[in-house]
Structure formats: structure tokens, C-alpha cells
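Two complexes come next, and they have one chain in common, chain A, joined by chain B in the first and chain C in the second.
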Partner chain A sequence: MTALGGSSDVGLDRPQRRADKERFKFTTFVWLSPAGILLIALFLVPTAYAIYLGFTNLQLLGPHASSFSFTGLANLDRMVHDSVFWSSVKLTLVFVIGSGIIAQTLLGMALALLGQRAHISIRATVGSIVILAWVLPEIAVAFIWYAFGQSGGMLSEIIGKPSDDLLSTVPLLIVCVANAWRGTAFSMLILSAGLRNVPEEVDEAAQLEGAGYWRRLFRITLPIMRPTIMTNMILITIGTISDFTLIYAMTQGGPGNETAILPVYMYIEAFQFNALGYGTAIALSLIVIGGLLSIFYIRQLKPELGKAS
Partner chain B sequence: MIWKKTTIGVAAGTLAASVLAGVSGEVAAASTHSSPRGSSTGISVLYSNNYVFDSDALAAKWWNAMAKQWKSADPSVKLTLLGTGGTDVDEMNKAAVLFRSPSETPCVIQLPTTYVGEFAGSGYLASLNSYVSGSSAPAFWTGMPKSVQAISTINGQVDAVNAGNNDSGILYNKVMFKKAGIALPWKPKTWQDVLSAAKLVKKAFPKDYALWAAAGVGAGPTNVLQGIGNLIDGSTNPTMFDSKTGKWVVDSPGLRATFQFYRTLYMDGLGAPTSQLFPSDSVGQPPLLMKQGKLAIALGSNWYTGDWLPTAGAPWPQASADVGVAAIPTENGQAPGSATTIGGWAWAVSKSCPDKADAWKFIELAQSPTNQLNTAVWSGFVPPDTQVGTTAAFTKSSLYQLQFSAYASNGVPLPNSTNFPVYARALNTVTGNFALHPTTSISSAVSTMTQLMTQQLGSSSIETQK
Partner chain C sequence: MTTIDVAEQVMPGKADVLLHASIPTGWKRVRMHKLMVNATLGVLGIVFLLPLIWLVDSAFNTHATASLGAPALSLANFRAALAAGAGGAIKNSLYLAVVSTLIATAVSTLAAYTLSRRRVPFKSTLLLGVLFLTGLPVTLLLIPTYEIFVHLGWANSPFYTSLVLAATSVPFAVWLLKNFIDQVPKEFEEAAAIEGTTEMRILWKIVIPLSLPGILVAAILTFINSWGAFLIPLVLDANPGNTPGAVGIYQFMSANGTVQFGPLAAYGILFSLPVVVLYLVCSRWLNGGFAFAGGVKG
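== the complex of A and B ==
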């Protein structure tokens, strides 16, 4: 008893470990090391190397293909004075914001709202058709719109000018429409799920108070769905900002450089003009743009993030 | 709400990560490593599966025959064939990545002649001078005209051996010409003659395309080889790259005259529509359009006629009766009277190949008269060796091969420089602008050339010729 009682006393004097507080354990390193090694080897090291290459004169072919050197801010200086680069930045923003964030979110939301009110059979049919565009390989979508948008294609027939080559006269519009057409299904799925999470009792209460459909949509449904909408917009931005296949297969960045968004311009510089270092520097500029958009999203989501913590 | 924070955080992080991944993916591709390919007991050969021969089946037939011949000649040396898909640009991009690692580098590479300068400039190619000089020079080399040998010889170093060439001429539809009231045989003496004929055809066939002249960036440097390059070579200032100054010509009377030709072509509605001109596979359109009776005149390549053979992509038995041929005239009919670019494919040996003697043996085998002939007939090439090029087996293989062989005597290779793709893109942008906006002024076209070249290479790399 003494021993037991003594032990109990000692235990009371010692500071108690809180069960809810995380403790550092060396074994954590062991369990995390496989993932950590993979992350370092396959992501951090190549990324750091890419950042370094962005400041070199590395060529795909040419005198600096095998013996390249660090050139400081030369690529950055070239970029600042490269009017094609700035036009490319503008095109990228139009493509990402116009065809991705705005068009896909609006169309996805419209379809999600219509689907909510439609009969289940119609909702299933329309949903399946829309999703079909999303599950098609990007290259297939490119060829569909390539055929659709050129002279003699269905689009020029529909507008009553069969000889108009819309893919050459309004190339950016056509690739934007193609991108929106492809990505709308994804938004529809995300936003439909978000709509189902809006509590019915809130909507019913507003209805009893005499609020109309549009008022309930803008004052209740959309504010509740705000985090879902923002998440959807982030995912669309991820999918669109680095898009290459769709545009390259449809226009190769042309005519001229009219559809050369940054990933396409990066490819042209790196793989057609052999300027691998400069092409990598352009890729790094995509990180900056992506980072700026991320900051924008995080700032917009600040209220929700505050509540969550 | 924790899941929302986590989801949003992960999504925002992924946004930056996805961009980074794109960058790292590119770099990872450029530094791939695996087991060595070249060794003392074998050689490897990198070639295009889809872009050299008229069909994939013919490519497979030729390469299978090569493998058999190699095995029977020396079974102890293993031959590894590294066929690659896609276009010439795809093959070259793959080669450029492989050559960055000596252990990955193939011993022999089949490459477009326009890329020889780029690979040589990278220090990737072995000198072949010792194999082609002196009394031991092989017959296929001594049988080549000096101009063909020169295509892949830079600063006195033989970097590659020509495997076959394309040159250009004018193919025209005789039936449409007759209906348009143009006397046959048609032999234009100046560019104006070509445009005048195109106008007459357009008047007679308003819905069809009068004259094909490649334009736009879609098909890459090939559009220069088979399009505007022919006109520049026939102009009064036929210089694209000034080898004396090491500068690219962005403005000259010849360049302006060439731009004026394109301007008139599209301003008068004589050219093909942009939907036909701009796709990456536009190079293959003229033979098809001619066969369909939709195109009257094509400023095009010698391989077109091979496309009309029964075994090729657009069989057209009537072609021999319906199609005529003429040389591309010079601007004002000045000497030598006709002009054409010349370029094709070549064999080169990599500097890091451990067994260059075996690599050279492979090239000798590929250049045997039979293999050279098959390459030419199945690819629409003019054989580099004139002895092969004058055999009945070649001249009768498809329409007008004899004429195209004759045109090649005035052939001018495209500049063999690392920066040629930049110049080609600038030229193709200008021709594309004329096709899309025919009212584009000549000074605006020159300004576009200057701007694009300056942006890429700097103002010290360009010049104006008076």
C-alpha cells in the first residue's frame, strides 16, 4: 500500500501530459520518410532545378545545349521586353478567367439549378450528355471543335456563313468556347453537390417570409454555397491555367500568336526555337500568375477560413 | 468546417503545385536516364516511323528489309531500331532530349537536312570527312552533285550524308487550264505569269482554289521549304541568311517582292482558304485538292505525284493525263530562269557513338543503290546519287521525276543554322497574315519580320539588304 501510495504521490507532483496535445516523436520521421523522399526526389528537387534552369541559357539544340551557364536576370530582362510574352499573359488571363472561371461556373451553376428543378429523368439525361463532353479525351475535344469551327463546319453553317473560317478569324473565341464546353460538366457536378448541401429549412423559412426565387437564390443559396463555388473556381483555374493540348491541337498557337497562351508560348520557345532556358522562365511566370490567383482566392475565402479555425 | 478549410487549402496549394509540376515535368523529360544503347557489340538507329515514307506500311517494309540485310551481313553486331512516331519535329525533339545523355544517344540518326546545323552546332555529330574523302569514298558519295553534298557540310565538315531530297515545282490541272483558255503546255517565265494564269482559272472556276502557296505557322519550317522559300530563292535578293555577316535578312527588295506575291495572291482571292492552309497537316492537302479538282495550280513539292500512285495515299490514275508540270520561274525571268529550295533527310553519326565504324557501315548499307532507290520511290524523294536518280526504275516510278531532278540543279538549300526555326516562324507568320488579312501592307509585313526576329535573337542578329 505504501509503495502504491508513494507512487501515487509522485505521480501527482509530476506535470501531467495533456492527451489532446500533439507530441513530437522520432518515429514520425520513419513513417513519413517514404512520402518525404518521394516528395523531395520527384517534386522539390526537379522544381528547384527548373527554377535554376529558368536563369540559364540552356538550349534544346544549339551551342548551349550541352554547355549552358547561369545568365542571371537575362531571361527576365528578355521577358520584360518581349511583347509576345505580354500578349501571351493577356491571352492566358482571358482564357482562364473568361472560358474557365466565368463561363464554366455560370454554365455549371445554371445546369445545376435547372437540374434541381427538373424531373429526374431529364436531369439524368442532360447530366449524362454534359458529362460526356467532360469524359472525352482533350485531344478528341480539340478535333471536334476543330471540325466544328472551320469553314464548312457546322458552326459556320449555323451562323449562315459556311465559307467563314471561324477558327482563323476569331480563334480565341472558338478555343474559349471549346474549353467552356468541355469543363462545364465538372462545375455542374461540384455545384450540384453544393446545392444539395443547402439546408431546405432555410429556403422554406425564406419562402414563408415571402421571398421570391431570385431573392432566395442570391440572398440564401449562393451565400451558403460560397465556399463550394470558390473551391470550384480554384479547381477550374488549376485545370485551365496549364492547358496545352486543346489549343495546340486546334491552332498551334496561331494564326500568328493569337492563341499562344503561356503554356503554348512556352512550348514554342522551348521546343521550336530551342530556347529551353527561356521557355522554363516563361513556365516560372505561370507559377507567379498561379500564385497571385491563389492569394486572391485565399483572401476571398478568409471569412470561411476564420470560421473554420 | 475543418474539411472545408483543408479542401480549400489543398486546392489552393495544388494550383501552384500543378504549375510547378508542369515545369518539373519538362525538365524531367530533358534528363531521362536509362541503360546505354550504343556499345561495341551493337548500334542503335533513331528514325521517323511516320514522316519519311509515303505510308507507315512502306516504312515498316523498308526498315524490316534493312534489319534483314544487316543481320545477314554481320550477325555479331546487334542492330537496335528506334522508330519514333509523329512528325519530323516530334522526332527531332525526342532526339534532342536523347542526345543530352551520352548513354541514351543513338549511334545513327535519320534527320531532316534543316536540322543538321542545329545538331552539329550542339556538338552532337561526328565528322564523316574521313569516310568520304580520298580514294575510299563510297560510290553513293561521289555520285552526289556537289550542291547535294554541301547541304549537310558545314564549314568543311561533313556532318551528315544525304538520303534523299525534295525540291519544288509547279503542278497544274490541265483540264482546268483548258477551260480557262490557257495554252498548253504552260511554261511561266515570271511570277506575274503565274498570277495571271491563276486569275484566269479563278474566273473560270470561281468556287475552286486557283493557286496553292503554303502559308501560316501550322506546318512549321516545312512551309518555308515547300512554299515561300521557293519564291525568296527566285527573287532578286535570294538571301535569307547572310553567311558573311552571320545575320538574318528581314528586309530586302527580294523579300518585299515575295511578300507582294503573297499579298496579290490573297487580295485577289486566288489562294486556298485559311482552313486548308493553317492546320499542321496542311502540307498534305494540295495533292488531295488537285485530285478532287478543287485546286488548279500548286506551288509544291516533287512528292505530290508519288501520292497519286495506286499504292499511296491519294490514288489518281488520271493524273498522268490531267496534271502538267513547270519549273517555278524566277521573279522577272532572270537567270537561271527557275528556282527551288532543296532539302530532305540525311544520315548522321553521333559523336558519342562507341562504334562509329559500324555506324558508318549501316549508312553504307542504307545508301546502297537498291535501298536508296526504294527510299526515293517510297518517300517521293529525288535520290542524292545521280546514278540512281537517272535509272528507269526511278524516273518511271511516278510522274515528272525526271523534270523534278532537273529542277534540283538550281536547288538552294535552306539556311543550315540553329536559329532557322525562328526565321521560319517569322516568315510563316507573315504569310499567314496575308492569308488572313490580305490588306496587310508590305511595310507592315517587314515590320512584323523585324519585330519577331528582334524579339527572339536581338537586333544585332538581323539586317536589311538594299
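== the complex of A and C ==
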């Protein structure tokens, strides 16, 4: 973007503009400071403090509530031997990949592709319904699916076993369905916009050559959209990996930690079992997992980035 | 000119007859295909609609259960929700959302304009840092912020809770607005600067009006995010009088032994309505924002 803007600057008055640009004004600092102070005080300081607290025995109440101390790798050691932690890692990955990346991308893509060829009135109506599910506050979504997953709820009636309490038999599946229902609109919007950017000429040329719809979809449309799909996946991961409200309101992580993804497990350890230090360590592990997933996506994206430059 | 137009010209009013007489065999398949596409999309739409229908149905039904019941039109559930404190909780949510949106939008606009137009040392590092912050899970901030707030006596204050909500929205807002202001032509500002207009006036009279769609997108996204905030107020504000709607619904869900589906559904609708209306009113700008995000290549 800057490169584009800069090229138009290279004109007759270049020296004059340059002189104007080079000067650093004191007010620049003043204008940046409100956002800067807010981010430093409430984002950077807590982040740095988290890295410290993750290695302490801080408690919510009790002897180590005010006089906590640095305990080295004790939290890490506890984490490595904590079977609930590892199952929580697994649950987080299933939740992010299953309900986030796979379900939301597939549903969003299906809606975007169908919408492209459907009648405008149907596309607009269905689009609005899907978006409405996304605009609803998360707590309302949690309540709806909490009701649907109960015995006598809509889901158990649909599968023909009205007395089944799905929230205790398949809790992870229900929270995944709820999250997919809520999040699909985001993928639909991003992928529809990406789909509009696919040049029609390429598709038409392939059509003239006699390529069928599915062949064109897999050989032309999807490869062209790969960067958009990858961007979408990164955004979904960021959004899903720290999700708390939906699962906590539906199941509180239960039954028996079966839906305790990392943010929920962190909350339980910190604010129910008193271990703020260990809770922070769990939150830090979330960053590590998020980082590993991001590295994976960036690797996947690299071919395109290389081609572009 | 489409086939129908041609047919209309040849035989006004009888285009349909003419078309049917001359349909090539491939056409039926195209029509069948269209039908399939519309039907599939329609079915998906109904699946997505079902939970919403249940919510509305249960809110107006005094004998609401976890499944669909015969529709009834009673406002008793809404009265029960208000009796359970829905009104006050929604007012608290409004405070959090308005204050955090005003703060986040103001500081982000100022920062985004400066980053877009001025020479800032280490600008690319700063921007990369902001982008990194957008990806940081808010969960990480929770415990340290709680500790800091308890020590400074900032806990249980709606204002400081709003500040945290604002801070969590600022990185994304700065990123969005900086890209948006980059697209606004500089000519007006340069002309105004030559005439000696102060920069604050340029920002207020030229840059903000021209980038209003982008500012609105940032403001609406912040508002929707703060309105639904659950974890941050749950931890930072234990004062029952400050409970926002999301926490209120959660407490109502887990309060009694049996879940009162009807009043809860009514509570859910009362709490959802403001953001749904806001979205409907502003969807035009928001979709523009998505077109922008979708256009980002890599």
C-alpha cells in the first residue's frame, strides 16, 4: 500500500514533499500517546506480568495471595504431569480444528458458493439468517444450544431419542455444533468477498475448454482463493482458541472436564481452585499452541507470498 | 440482451410461449441445476433458522420447554425477565459498551491517522506489534489484570472494566482504521494545510468525515464486542449492582434447580435486540469492511 502511494509521490515536487515528510513533529508523539498509554498499561504490562506470574505460586486466597514467590519451573513440572492439562490441550485442538477450521470453513464456503449461483432473494434471506446467528451475543447462543442439547431438547427430538441428555453423553459435539452455528457467518462473509475477487475470465476460459463445475472449482477457484482461505483460517483460530463464554455457560467445562478447553481450564484452576499462578501458566501454554498453529499457517501461505514478490 | 428480451421483442407478451417452443435440451438441465442450488441453500437456511425460531417461540410461550411448543402470545416471560433484573443488567451493558466504544474509537482514530500520515520512528515495528496484539488471546490478560486491579483498587468499577474492554479492541481498530485512512486521498488535507488550517481542524473537518465508514465499522465491532462481554466483567467486577447482561443471563441460567426456559428466552431476546438492530441499521458499512478483509491477499 505504501509502495503504491509512494509511486505517485515521485513527481516534480519530490524534494519539497520529502522535506515535509522527514520532519518529525513533537505532536506526533502526543497524538499517538492515548492509544499508546492504553495499550502499554492494559495490554503490554499485563502480558509481561503474566509471563512472570506463570512462574509463581500466586493464589486467589490463602497464604500465597499477597506474599507469593517465584517458584521456577514448578508450574511447568506440574503441567507436564497434569493429565487434565493434556486432555485439555487435546480438547482445545479438537474444538479449534473441528468446530472452527473444518466446520466453519466448509459451511462458509458452501454458503458462499451456493449464494453465488442462487436467486438473489434466497441468497439475501439465508445470508441474513446466518449473520443473525453471528450477531447474537455469545451468551444467548450458549443458552439456545444449552436448551437444545438437554433431554427433551430440540436436538434429541430430531434424532428420535427425546430422553437423551446430549450435553452429558456427547458434550464436546454439542458445543462444537453451537460454535459452528455461531461462527459460520464470519467465514461466509470473508469467503464470499474472496470469491468475488476471482477473475471471471479464467473460469470462463476453462468452461469453454469443457471443464465441468467441480473440476473448475478444485482446479481454478479454490487454488486462486487459497490466500483468502488461509487468512480466514488464521482469523478463525485466533477467535476460537480463546473462546470461553460459549463453553463455560453451556457446560462449565463438564461433565468431568470433558469440555474444559484451555481457557475454561485456566478459569477453573485460577478462580475455583485458587491457583492463579498455575492458571497463568495454562494461559501461557495457550500462546504457545496459538504460535505453533500460526507458524503452520504461515508455512502454508509462503508459496503465495513468494510468488507475489 | 438476454433470450427473454429477444423473445419479448419478437412476440410481445408471449415470450414465455416462444421460449418454451425453442428451449434447447441443455436448458432443462441448467434450470434443474438452479433449482438444486436454491433448494440446498434454502435447506441450509432453515437449519440455521431453527434455533432462532425456538428462541422467539419460547420467549412468547408461558409453557416454554427445551423444544418447540405451540406458539402463544404472552408477555409474561418478558415481565419475569425484567423482574429478574434484566433491565438493570442491560443498562450496565450499555454503559460498558458506550464508554469502551467512545474511548477505543477516539484513541484508535487519532493513532491510525498519525500512523497513516506522519513520519513515525520505527513505524513498521509499531504496526507489526499492533498486529501481534490483535492475535493475543484476551484470556492471557485476565489474571494479571485482576491482580493489578485488586492492588490499585480498580476492581468492581464499571469505568475501569470499560477501559480493559477498550484496550482489547484498540489493536484491531488501529489496524483497520490505518488501512482505511491510507485509502483516503491526501489532496484535501494538503490544500487545507497550505491555507494554514491547524492539523486538529484538518483531522476533525476532513479526515474524520472522509473516513467515517471505516470509523463506524471499528466503532460497531467494538460496541458488539463490549456489549456481549462476559469473562472480563465476570472477573473484574464482582459488585452485583454492576452485573452486565451476559453475566446476568448466566446467573439466571444457573440460579434455580430447574431452568426457566421462557423467561430466559425473553431475557436473551431483550439482551440481543440492541446489537441486532444496530447491525441491521449499519450492515451496509459492515459488509464493506468484510469486502475489504476478503480482498486481503495473504
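As a convention for this text, the second predicted complex is superposed on the first by the 267 of 309 C-alpha atoms of A that agree within 3 Å, B and C clash if a C-alpha of one lies under 4 Å from a C-alpha of the other, contacts with A are read in each partner's own complex, and residues count from 1 in each chain.
The definition used in the following text is that contacts are C-beta pairs under 8 Å (C-beta built on N, C-alpha and C of every residue); 3 or more make two chains touch, one makes a residue touch a chain.
Here the structure is a predicted model, which is why all the values come from computation and not from measurement.
*Asks:* Under the stated touch criterion, which partner chain does A:202 make contact with: chain B (first), chain C (second), both, or neither?
*Replies:* neither
*Asks:* Quick one: is A:274 in contact with chain B, with chain C, with both, or with neither? Answer first, second, both or neither.
*Replies:* first
*Asks:* Check the residue A:80 against both partner chains and state whether it touches chain B (first), chain C (second), both, or neither.
*Replies:* neither
*Asks:* Pick one for A:106: touches chain B only (first), chain C only (second), both, or neither.
*Replies:* neither
*Asks:* Give one of first, second, both or neither to describe whether A:297 is in contact with chain B, with chain C, with both, or with none.
*Replies:* The first partner, chain B, only.
*Asks:* If you stack the two complexes on chain A, which partner ends up touching A:53: first (chain B), second (chain C), both, or neither?
*Replies:* The answer is both, since A:53 touches chain B and chain C.
*Asks:* Based on the superposed arrangement, let me know which partner A:163 touches: chain B (first), chain C (second), both, or neither?
*Replies:* First partner only, chain B.
*Asks:* Just to be sure I read the superposition right, which of the two partners does A:27 touch: chain B = first, chain C = second, or both, or neither?
*Replies:* second
*Asks:* So, does A:254 touch the first partner chain B, the second partner chain C, both, or neither?
*Replies:* A:254: touches chain B, not chain C.
*Asks:* Does chain C touch more residues of chain A than chain B does, or is it the other way round?
*Replies:* Residues of chain A touched, chain B against chain C: more for C.
*Asks:* Which residues would you name on chain A as touching chain B in one complex and chain C in the other?
*Replies:* 42-43, 46-47, 49-50, 53, 146, 150-152, 227, 230-231, 238, 241-242, 263, 270-271, 276, 279-280, 283-284, 286-287, 290, 294, 301, 304-305, 308
*Asks:* Under the touch definition given earlier, write down the residues of chain A that touch chain B in their complex.
*Replies:* Contacts found on chain A: 42-43, 46-47, 49-51, 53-54, 59-63, 65-66, 81-84, 146, 150-152, 163, 165, 167-169, 227, 230-231, 234-235, 237-238, 241-242, 251-257, 263, 268, 270-276, 279-280, 283-284, 286-287, 289-291, 293-294, 297-298, 301, 304-305, 307-309.
*Asks:* Going by the contact rule at the top, pick out the chain C residues touching chain A in the complex.
*Replies:* Interface residues on the chain C side: 34, 37-38, 40-42, 44-45, 48-52, 54-55, 58, 65-68, 103, 106-108, 110-111, 113-115, 118-121, 130, 133-148, 163-164, 166-168, 170-171, 174, 179, 182, 199, 224, 227-228, 230-231, 235, 245-246, 249-250, 253, 259, 261, 264-265, 268-269, 271-272, 275-276, 279, 283, 287, 290-298.
*Asks:* Mind pulling up the chain A residues that touch chain C in the complex?
*Replies:* Residues 1-2, 5, 21-25, 27-28, 31-32, 34-36, 38-39, 41-43, 45-47, 49-50, 53, 58, 107, 110-111, 114-115, 117-119, 122-123, 125-126, 129-133, 135-140, 143-148, 150-154, 157, 162, 181, 184, 189-194, 196-197, 227-228, 230-231, 238, 241-242, 244-245, 248-249, 262-263, 266-267, 270-271, 276, 279-280, 283-284, 286-287, 290, 294, 301, 304-305, 308.
*Asks:* Chain A touches which residues of chain B in the complex?
*Replies:* By the definition above, chain B touches chain A via 1-2, 4-5, 7-8, 11-28, 30, 89, 92-93, 96-97, 99-100, 115, 118-119, 121-124, 216-218, 220, 273-275, 278-280, 418-419, 421-422, 425, 429, 432-433, 436, 451-452, 455-456.
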